[in-house]
Structures are given as C-alpha cells and as structure tokens.
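In this document, chain identifiers A, B, C and D correspond to the written order of the chains, with residue numbering beginning at 1 in each.
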Amino acid sequence: MSNASPPALSTTVADRLAERFRSVRSFSTKICEPLSPEDCAIQSMPDASPTRWHLAHTTWFFETFVLAGQTSYQPFDPQYGYLFNSYYNLVGKQFPRPHRGLLSRPSLEEIRDYRRHVDEQIVECLLSGEGPSDRIAATIEIGLHHEQQHQELMLTDIKHVLSFNPVFPVYREGAFAETDREPGGEWVDFDEGVYSIGHEGDEFAFDNESPRHRVFLETFQLASRLVTCGDFLQFIEEGGYKRPELWLSLGWQVVSEQKWRAPLYWHDNEGQWMQFTLAGLQSVDPAQPVTHISFFEADAFARWAGARLPTEAEWEVASLRVPIEGNFADRVLDSGAAVHPSRQVIGKPEISQMFGDVWEWTSSSYSPYPGYAPAAGALGEYNGKFMCNQYVLRGGSCATSRDHIRRTYRNFFPPEARWQFSGVRLCR
Amino acid sequence: MSNASPPALSTTVADRLAERFRSVRSFSTKICEPLSPEDCAIQSMPDASPTRWHLAHTTWFFETFVLAGQTSYQPFDPQYGYLFNSYYNLVGKQFPRPHRGLLSRPSLEEIRDYRRHVDEQIVECLLSGEGPSDRIAATIEIGLHHEQQHQELMLTDIKHVLSFNPVFPVYREGAFAETDREPGGEWVDFDEGVYSIGHEGDEFAFDNESPRHRVFLETFQLASRLVTCGDFLQFIEEGGYKRPELWLSLGWQVVSEQKWRAPLYWHDNEGQWMQFTLAGLQSVDPAQPVTHISFFEADAFARWAGARLPTEAEWEVASLRVPIEGNFADRVLDSGAAVHPSRQVIGKPEISQMFGDVWEWTSSSYSPYPGYAPAAGALGEYNGKFMCNQYVLRGGSCATSRDHIRRTYRNFFPPEARWQFSGVRLCR
Amino acid sequence: MSNASPPALSTTVADRLAERFRSVRSFSTKICEPLSPEDCAIQSMPDASPTRWHLAHTTWFFETFVLAGQTSYQPFDPQYGYLFNSYYNLVGKQFPRPHRGLLSRPSLEEIRDYRRHVDEQIVECLLSGEGPSDRIAATIEIGLHHEQQHQELMLTDIKHVLSFNPVFPVYREGAFAETDREPGGEWVDFDEGVYSIGHEGDEFAFDNESPRHRVFLETFQLASRLVTCGDFLQFIEEGGYKRPELWLSLGWQVVSEQKWRAPLYWHDNEGQWMQFTLAGLQSVDPAQPVTHISFFEADAFARWAGARLPTEAEWEVASLRVPIEGNFADRVLDSGAAVHPSRQVIGKPEISQMFGDVWEWTSSSYSPYPGYAPAAGALGEYNGKFMCNQYVLRGGSCATSRDHIRRTYRNFFPPEARWQFSGVRLCR
Amino acid sequence: MSNASPPALSTTVADRLAERFRSVRSFSTKICEPLSPEDCAIQSMPDASPTRWHLAHTTWFFETFVLAGQTSYQPFDPQYGYLFNSYYNLVGKQFPRPHRGLLSRPSLEEIRDYRRHVDEQIVECLLSGEGPSDRIAATIEIGLHHEQQHQELMLTDIKHVLSFNPVFPVYREGAFAETDREPGGEWVDFDEGVYSIGHEGDEFAFDNESPRHRVFLETFQLASRLVTCGDFLQFIEEGGYKRPELWLSLGWQVVSEQKWRAPLYWHDNEGQWMQFTLAGLQSVDPAQPVTHISFFEADAFARWAGARLPTEAEWEVASLRVPIEGNFADRVLDSGAAVHPSRQVIGKPEISQMFGDVWEWTSSSYSPYPGYAPAAGALGEYNGKFMCNQYVLRGGSCATSRDHIRRTYRNFFPPEARWQFSGVRLCR
C-alpha cells in the first residue's frame, strides 16, 4: 500500500455509508432473533454453515479487509483469522469447511461481542477524522453486499437444519397470502438483435457482472409468470420423476441415487403433499411459485412442458420491462408474512415476479463475460474461481434484501443444489 | 404382563434405591455444568453423541422401560420416543444415529425439563404407596447403570468434540499429580488351572457377565503396572508406527489410512509431544499411563515389547489380588484434579491401577459366555447383539464411577476405537 | 414405422456406403491387432470400457437401430441387447456401466463372430434388392460415426489400462519425429462482429452441431501454435500445481485430492520427466504439444500465461483459415509412427495443428445451440442429455480418424477428464 | 543363513515330495482347464483375485522362498517379485491388491511359462545331488499347502466372477446327486471336561494350529447333520431376514445395507428359488446343505432355531468321532459331479459331513492359541497377522483337497464373507 494519504470521502457520503452499515449489520441480528444457541451451532451439510459461523465470518471480512490494514488495530482474537476465513487462500489457511459444525466455541455470545467490537471500529473508521479513503469505502461496500449474501444463506441454511428435525420446528410464524388469483399466464415476445448486458456505471456491482458487452439473441418468448406448485404437481403426476427421457443424464443419475420424487422439503403425507417452510409444515399451495428445485428439475420440467429455460442474457434483456419490486426478505421480516414465495401475481407488470420470491434458474452455465478480470488481491477470489459446473440464477428471492439485487446480478449454484429459494420461469 | 399385583419391595430398599437414583441422576447434571448449549449440541462422529442427546436418552430409558408401562403415565412428549431411542428395535424406530447432531431442538433447557419431569415420576413410583415391584426396581437399577455408562461417554464424547477446536478449549481446569514416583514394575506369577469367572450372586451385573463358568488357564505373568507414556514414547521413537511386522494386518491398514503416528490427542509440537486433555493442552508426562490407544496399538506395543495382552479371564483372575480402588470419575469431579489418568502408583497393591485410570485392552474378542442368554424383551438388546468384532476391556477408567465397576465387568469396543480412556497392561 | 415402401437410395450411393462401412469396421479390427484377449477384457475405471465391450457395443448399435427393425432379422444372441446397450433408456435396460469389466464372456472370439454376423447382414441390406431406405442409410451413417468415436475411445481406454501396469507395456512400437523445429509462435488477430457458427448442409453432422446460428464476438487473438510440453514444464517448475490462485476452485480441490503434479501419464523418474505413451515409456519431449491434461490444467496454465482459453465460437471462426489436415489416427496406424501428438509444426498454415494431434479445450461449457432439438426416438439420447458440467473440445486428435472430424465438431468431457488426447491453445 | 551344508533328506523322501509337488501343481492347471484367458483376467472384488494371479502368486511363493535363496538362480522376470507378492511386507512392496484385475500382462500364456520354469527348478532342486535340506523341504511343503489354499480360492473366486454375468455361464458341467435321503438328524452328546486341542506331531500343520493346549468345555450337543437349504428356506419364509432381533447388530447393518434376502447366489425367479452354481443356474435343492452364507446368517439362523454355533474347540473334539472323509475337490474334479455340496448323508457316521462339502462356521473368533508364536521371517506373516475380526471355520469344503485338511485345521474369514463354500451345523 502506498504511503501517500489517500483522498477522503466527503462527510455526507461517509455518514450515509455508516448508516447503511448499521442497517445491514443489524439485519443479521434480526434474522437470528428467533434462534437458540443450539440452532446457531449446527451444520447440516458441507455446503451449509452454522448461523454462528455466518455471523462471525461476515465480521471477519470487515476485520480482515478493512481493519487489519490499519496499523493501530488489534485483532479481537488472533485465532479467528483461521476459524472464520471461508476460502480466501491469499489471506491464509482455512479451518476445513465441512468441520464448521464441530466448533462449539467461541459461543454465540462471544461472537456477538466480536460483532460489536468490529462494528464500533468500522463506524469509528467511517466517521472519525477525515473519513475513510475511497478504497476503504469501496471495501466496506463490498463487505455489506457480502453480508447480505450471507443473510440469505443464514435463512436457507437454518431452514435446512430445521428440516431434519421430525418435529418440524417453526423458525418464525407468518401468514401466507390467501387471495385468489387467476392463474393464466402468457408468452411475451422479444426481438432478435445485438443487445448489451452486464454492469456499467458507478453503482456497486460484483466483478462478475462486468464488463458490459454485446450478445446476439435470436427472437424468444418469455412466460409472463413463474411455474407454480400446481404446474409442478401435474409434472409429478404425469410421471415427471420417472421418465429418463425428460432429464439430463447427470440429473437422472441424481434422481435415481437420491430417490427424488418431489421438490426438496415436500412430504407425501398419505396422499396429501405437504411442504416444510420457515413457518412450519404447510399444505402445498398450487398457486404459489414452486421452489427448492434444482437446475435438473427446472430443466426437466421445461422439457416436459415443451419449453426451455431462458439464457441469462434473455432474462436480463426481459427484465428491463419491469421495475425492481417484489417479495424481498427485508420487507417480509418487517411484516407478519412468512419468509416464503408469495402466490403468483397476475396483471401488471407485463411479466410478474421477476424480482424477489424465487431465484430463476437460467440455462447459462456460470462463466466469465468477455474481458472479465477478477479484482486484484484476495478479493479477486470472490467470484471468478467458482466459474465451473454452476448455473446462473437471476432476480433474487424472498430471502434476498431489496437493495442487494440488480438486473445484472448473477447468482450461481451447482445444478443439483436445492436448498436455495430457487424456481423456474419458462422460455421458448 | 400379568394382572396379578407383583410383590412390592420393602420401604427401606425403595428408599435406598431412590437415594441412589437421585445421586446418579444429579451426577449427569454435574458433568454438564461446565458446558454451554453449543457444546451440548455437537456430534463429532457417528460413534459419539451430543451431550444433550445423552441427557435425553438416559431419561428416555426410564420413561420407556419404567414409566410407559404404567397405565396413568402421559409421555412428556410423544416425539421423544423416536428421537431418543438408541438402538432398541423392539421398542420402535430410531432417529438415525449419525444425524443426532442435526437436531437443534428440543433445546438443552427443554431436555432439563424432561429430566425433571421423569425424575419426579420415578421417585414417586419408588416412594409412594407400596413401592415398586421387583421387576420395576430391577429395571431402575439397570437404568442407573445404563446412565453411568452414558456419563462416561459424555466425558469421552465431549473431549472428542472439543479436540477438533484449534483453540484447545478447557472442559474443566484440574491439577495433574506431580509427585515423583519410581517407574519400576515387575511380573506377577499366576498358576495354571481351572478357574471360574463371571458374575454370581444377587448384586447387580449386566447379562453379559453371566453365567459364571470354568476356564482352563495356562501359567501366566501379568505386569504389576500399566504401560506409561514414557514406554510408549520409546515405542514411537523406535519406529513402532512404521514397522508393519509389529501390527495386525487390519491394524496396519488403519495406521496407513489414518496416518496414525501417536495416540489420539497427541500433537507433535515442533518436536515436543503435547496431549489434549479435558484440562486443555498439556505436555505428555512420561510417568502417566498411556491412554487413548486402540486395541491395534496396544497389541502392536505388546508385540514390540516381547509380550502380549492378557485374556479377559487372566485379567479377572488376577484382579482378585487387589481391592477395587482407584482414580474414578465421581471422586475426580469432587476434587480439584483433572479428569485424566494419574501417574502410576508403585508399591502396594502388588498390582497397581487395575481399577480406574484407564480401561485395559484384553486379547479377548467380545463373545458370549457358555450358556449366555440375553434378558427377555427389549432389554435383551442391551449387550448380546454387539458380540462381534469388538474386544473386551476391563477395570474402568478415570471417567467411570466407582460404584459402576466390578471385577467381572466387561466393557467392549472395536479394535480401532481410541476415544475412550483406554490403555494397556502387558502379560506373558 | 410406415407401411409404405420408403424411397431407396441409388445403387452408387449404396455402394459407396457399403465401401465406407467395410472400411470403418475393419479399422476397429486393426486397432485391436496388437491386443491379447486379456488386454481386451479389462476395465480400468468406470469412465472407460473394455476393448471387447467397444467391439460389441458398436456392433449392437447397427443390430439395434438398423437390423432389429427388419421383420426377418434374428438377433445374434438375445442377451446382447442388455449386455451391450450403453445408455439408451428408450431401447431398454443396460448392464451397469462400472461392471463392464466383470464380464468374461462372451469371449473376444465370440464377439468377433458377432461382428462378422452383423457385418454380413448390413452389407446385404445395403447391396441387395432396392438398397436401403434414406432412413436406414442415415442410421448406418450415424453408426459409422459412432464407431469412429469408439475407435478413439478404444485407443485412449487401452492406454489407460496399460498405464496401470508397472512394466509399462507397449501397445504398438512407433517412431517419434525428431526433426528440430523452431518453437516461436505468434498471436493471430480476429475482428469483432456477428459470425455464424454450427453445421449447415447435407453432409453428415451430429445433432449437437445444429442449428447454425449467429453469435457476436469481440476482437480476439489466437495463438498460432499449441502449448508444448516445454511450456508446461515451465509452468510446473514455477509452482503451477502449488498456487491455488491459478486454479478454479473445483480444480484446486481435484489437484489437492488427487495430488496432481503433472499431466496424466507423466512420471518423475528421479528428476527426469518420463511419459507413458502407446509406444511405451518415453522421455518428455519439450517440442511436443502437451497432452492428457484436464480442462482445469488447461485453464490454470492459461491464467499463469496471462491468457485464456478460446470459446468454441472463436475456435470455429479461426478454423476457417486453415485446411482440415493433421496427425490423425487412420494415417498413423498405416505408417510406422507412434500414436501420439507430433512435434509442433511452425510456418504454414498461419495457425498450426488446429486439426489432429490433440483435442483443444475451449472455455465453453457444453450447451445446446439456440433452437437445438435432439433427434427423435432413442437416437435423440445421443448428445443432448450430456449437456451439463462438460466442456467443449475442438479439432480432433491423433486418435481421431480424418474423415470423422469437421470444423463444427463438438467433443465434450468433464473438466477433470485427462485420459483423452487433450491439449491447449491460448487465446486473449 | 549358515554356510555349513545342511543335512539332506533321504532320496526316498525327496522322491515322494517331488511326486506330491507335481501332483499339487498340476491340479492348479486342471482347475483352469475350462477357463478362457478372459475368465482368468478378471477380479470381481478386492477380496478376490484373478485366476491368472493365483497361478502366478503360488509360483512366486516357490521362487521367492525356495529358489531365490540359491546363489545360481536367475529370477524368471525381476518385475514378478513386485507383481505377485500378496502381503509379505518383509519380502518387499506389493502391487495393490484391489488393482490385480488391472493387469492384462503378463498373459496367461506367459504365466504358464513361468510355472513351467519354476517347476523345473524345484524338481531339480529336489532330485539332483544330495537333495534338499530340511528347511527347503519344509518350505516346499508349506508352498504346496499354500497352493492348495489358492486352489480353493481359484474355484470360489471364479464362481464369483461368473456370477456377475447375466448369462449364468457354466464353469464345468456336473451331476447333482438325486438319491432320496431321509432328512432327520439328531443331537449327539459330549461331556464336560478339560480337553486338548491343536496340532501335535511331525505331520505338516500351519503355525496357527499350535501349540496343542488344554481347554475346559461344558457339556454340549452337536447336530448330527448340516443345516440344509430346506431348513434355510423355512428361516427365510418365517421372516428370518426381516427380524432384527435374530441378528447381531453388525449383521443387521449388513443385511440392511446390502439388502440380503437369501444366501449369496440365490435368485428369486418369480417365486422359485434358483441357485447359481459352478454348473450353472439350478433349482435350490432342499436336501443339500445350505452354503454361501456369512457368519452373520449362520448365527441368525442358529438363534432362530433356538440353538447356537459350536466353538472351534467343541467342533474339534467332536470331529474325533468320525473319519476324515467327504466330498472334496480333488475327488470331484476326477468324477462327473458338480463342484458343489452334496445332499446330506444320514446314518453312519454318527455325525455326517463334518469333512468336505461346506466349511462350518464356528462361534470362535480367530485368535492365537495360548503360547502361539508365528514362524520366523517372512513366512511368519502367513497367519498370525490376520487374527482380528475374523471367525474360524472348520472341516473343509467341496473346493478343498482331501490331503489339505486336518481335524486341527483353522480356516478363517470375516463375518460378512459369503463367497466361500461356507455352511452351518447347530450346537447347543
């Protein structure tokens, strides 16, 4: 790092960042409110992490990438650097991911102290003296988006933990919309042409959304609504999980080995389909968007329906027709609603529920945009190195915060992943 | 079960049983005192269980085998029968053992309530009206021995959990004896002949200790002391873990696959051997008995030393020469000592540390005594069905309660198990 | 199938097809000449098949898709339909792929009889009476391309089998070119624009090469030559296999688990790198193209070199500048050369070795072209269902036949596969 | 080894040994007669070996332990020492056992040459000059017993290979006895007392049969006949494989995981039980002894029948009442009979079929006799190191040679092994 004093942000900008910092950080605490220390300790699979670990890791991010560079900073606990590094090889060794659930200490209480300690330092860094440099401010911004990603994982990971419990515990009671809505749905047309996709401008975006670049698209049609549980029940009833010709070969292998017969969290209760939700066990509602399906299931459903998944370019181009509004986590936790996709909305906008509710699988494997360059240093490990054997999802879910999402936002998961709020919209 | 009213125990006997019941049950609570809810939630391997599970399962045992038979009893929670059954097929299905660590609920607090509820009912059953029938009293007696077994597992399982934590947490501070003692040791002679071994009489014993029967023993010599860490260090330094000819074939396979280079919990700290204990990380003390070794290591050590392991019959016959005294868990938790094997004691008795400190591996595979018959009903699943691919250990350890052990007591573990306080005494 | 007699091909076309049939089929026999019955029986991993199985399966393809539809045809052996179906669910059940190496019967001799039997019937079908219908002729054409694919696998699979043998058996002696050639190499420029790629016209192509469609490409530069063993040695020496920042996350996981330190078949012989080839163990020749590397290694090498892999569209567009010529299997087996990539050729054409020698990894994950529709019926299982977690390779190798390859040809393998003759050409 | 010339055997003894050598060695060849090179190449599981490997390994044994010690001997091929060492760590490294089936070379023909080469040298060593030393003669004797063990494995391993083939190949046609025999059977009484068991005297025996020693036996009763397929069918029909209370815990785990529903090689052919034999697929004959059952099945059957397995001491004491006669491999291959257990024989002797037909599981885990010392040097790795997690079987089978068996002979296999001709006789 250079010795020259970097240019400082104006106070107003720093104030606003501090405000946003407090807001995002306290939302993590809010998510944990209904959880006991035991809930927060458990790791249900190698891909998921204990809640307590998320709380610590997001804090470690600020400590490592913001505070550790300051000469005066004393780490809260020198061991935490090892315990709570996720995958940043350039920062140092990492406690093995599948063993995160073996750590009973530090306790939830100690991790709360850790959060308070780092929060105070960050706010001081933002508000004292000349305020933070551009680089520091940018890193804090990344850290907040990083924490918002983990907030979504906190919700999906704790749902996975609770789902193993035969008593079907409730994370948080919440209402499910009951209003009757017309199912319907239609195909919306798009013209062929060279389009530009990807991020551009000064607003925050992850490196994987850049550079903005041109793609050629043939004409296509996108469904005006999400696939519903009702649609999916029909797929199941017509033997969807028993017909290999509907499936990718790898998907069929997973279906056979895992004995998949329905989306994750669905239970066949003597002929009636039930669904485990964050508000406990519920009847499957045919009017809700189907969720917790893998790419394989989304793809097989589309084949069965005589359609296909959109590419991420098609999705992004289509998204320009609708505002970024929807059923998001921050709104939900402030209301009495369940953290769950809402019944489909028909009518305006022309294409409904593109944002919020469920992440939409695309047919695009997650790969670098032409000219993509990862960020320098350890933060370059954020995105690029995962560009293999994953598929892009778009639009955010009911577990995403509203100000975390963008039209250009690229989420990604392996094709067999089901524990996210993932759904499907048809294209052809 | 018969309709006729069974004969009731005399009040004094019932009083004594109630007193013992309270004492054993509260010792479980005492063991958990230093533990947080997170500590109690974690399962570190399929063979071990979360502390919370032990607390619930031992309670389930009384509820199922004592209370459930009473017409008026309402189960504390009907789901617990499934959640906390360990392996009793005749009682019903069992929540999968390797998934015990996935249950975050019921919480530690709820399980404490469960314990209080069942405790009250059992004490009432013991002290009210005519008192318990012989059968009920016998079942409670089994339940208490069962709980004492789990108390030992609570200590060894939590040690295993904490051992994964790179901060080496302390379960409970405790002193390690420092007095200098003469190592020495000698061979004690025993004559050939037909001996009787196994349990006899009215005192409690598990079914696997019966029937008492005759065995022919050739002359043998037993070491007057346990093998120490100092002895074992010499074995390591002379290449003990690198010489296949010292090992059973299966043992060599495990050594190679697991890359064993020392007992479990030993760490080579830049040339100095450290040992993780329930009182944190400590230097390896050459005068302490070696512990946390598998049957394979005990057997290889004996071969290296030009000796062998005793059979369980030899051990039992030899044990008649010494009183049942030693370093036991109940005494330790009342003192300021660490829960760990003590330095060896030389002198009187003729054979030292046969009881307490460390379980002693024998060369006897765990098999039924001639004429063995398991108990009737579900309690018959207690012992007999495990008589395969396990080896017998004798004498109890520093994690065993004094009034749980007997000369005829047969503990058993697979030959690769190391997380118990297991050690070795030579024979030839 | 319709009752109406389908239009027959003209005799000349049928003659030519029969000639090509004989030629392709006898090339399989030629490949097996140096092999013993034992060589042909062994399956070295689930992804590979015994030579004998390839000989039978390619025959089964003709029997099932051509002959079985003829009313008069008697199957050679009714069990073969089950034994030698690879993955066509619509045709019937399949003998489990990982167990192909457990079948010692039918013997190599019986499978040769099977081939002769089917060959005679196919030739008769082609040359007798009115000749084959268009559909039959098209299916035979597919069958021949199918067999050519398996011919390549026969070579790569037997290489894998022999590689396990510590005596390093020679499949077939053969010369390696020794001529000195200038390494050099330069970047060749391509303009941005909308290009068309994919197959068009009447010539045979697999369904995955269609439809021809437009793509937008930014400007790019392609290396005029392949990456050589010399280049790769430098990568190894500069710690390529030890620097996680060069690798995709999944790739680094494989490197760590599999302990990769060099391409497959390379042996570090006390400081000198040797390479197992179909002509036995040889010194690594720095002037040869590197081969038997995974996508992960190709990608890490490119990152290390400050470049990247080409997309398949870039590769196809670039290929238009060079003729389809190179080091192909059919030519090699007729010469005295080893079945191995040749030293690099510099000079004309502008871009050397695009065809033959080694398959070139692209950065494109294997996915359907816009508007792709698989063939109807069981033959539709040929390509589409594998479009997941695989990457496209282009250009053919020294184990490919010249008349099997096209500019539009899309080969595909998972990113960790190394047993094909796969190599790398840089792009930027 | 000493320089002094060791005492030579008398010519007659050497002649007899040479005669026996030729006879045992040629029996291996005879076993392979019906097999193709492909049959001999395949390894169906890690526990089994390819026939070709058995042919080579038994030859390697003579080369290594007899010929290699002679100064003038040139190894047939220096690589064979590595390829065909089974598990003798003191001799050198071993080609990994589970990979034996990956070796296609040396070919069956080359291994036959290897056998001829070593045979000539051994015979010359026996018959030339002064004849062999005592040590050499003893080693050859061990080598012959070693080869006879592998002859049994050749038969059971090839049966396992062929069993995977859905065409159910015939190893060798052979008749199955059809005579009707009275089932019956009774309990034969034995008195309590101190008995001596184990080998004594000059005749050959393996080290694990020594030393002869005393054991105390309580009174017991042994069944006069083997358990038959008819008996076992009844066990199956009464839910034997579905009742956990009949099984050892480990056994129940295997039953559940492997979905065992009948003995190995039994097929439920639409309600009719068929059995794969070395003479192809046959109906299950209720009058034949049941075979290919694991220790777990033998033990569960005994529990179901209200009986138990005999200890090996009980078996050995009982065997004194009958002559060593029965259905052995050498006799079978000279007759037209199938290599399969014969229908039970009732009447004389008092206890039928103790020798030959099927190995009888005992309840004794395989452990050293008191005072057991393995042979010196590499041959000490023959037996002792396997004394863990295995059970003793007694009496030989239809795949054992008559002159290989003894009353004191201890065969041993893990409790889940089923591919040997293993059966069961009840005790109580």
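We adopt the following convention: a contact is a pair of C-beta atoms (placed from the backbone, for glycine too) under 8 Å apart; a residue touches a chain by one contact, two chains touch by 3 or more.
A quick note: this is a predicted structure, and the numbers were derived from the prediction, not measured.
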| item | value |
| --- | --- |
| Co-neighbours of subunit D and subunit C - touch as defined | none |
| Remotest chain, subunit C as reference, centres from CA atoms | B |
| Whole-Å gap separating subunit A and subunit D, where each centre is the average of the chain's CA atoms | 60 |
| Centroid spacing, where centroids are CA-atom means, of subunit A and subunit C in whole angstrom | 39 |
| Centre-to-centre distance between subunit B and subunit A (centres being mean Cα positions), rounded to whole Å | 46 |
| Multi-partner residues of subunit B (each touching 2 or more other chains) | none |
| Pairs of chains satisfying the touch condition | A-B, A-C, B-D, C-D |
| Touching residues on subunit D, where the partner in the complex is subunit C | 36-42, 44, 52, 79, 82-83, 95, 99, 101-105, 107-108, 161-162, 164-167, 169 |
| Contact footprint of subunit A on subunit C as seen in their complex | 87, 89-90, 194, 213-216, 218, 244-245, 247-252, 296, 308, 363-365, 367-368, 370-371, 380-381, 385-389, 415 |
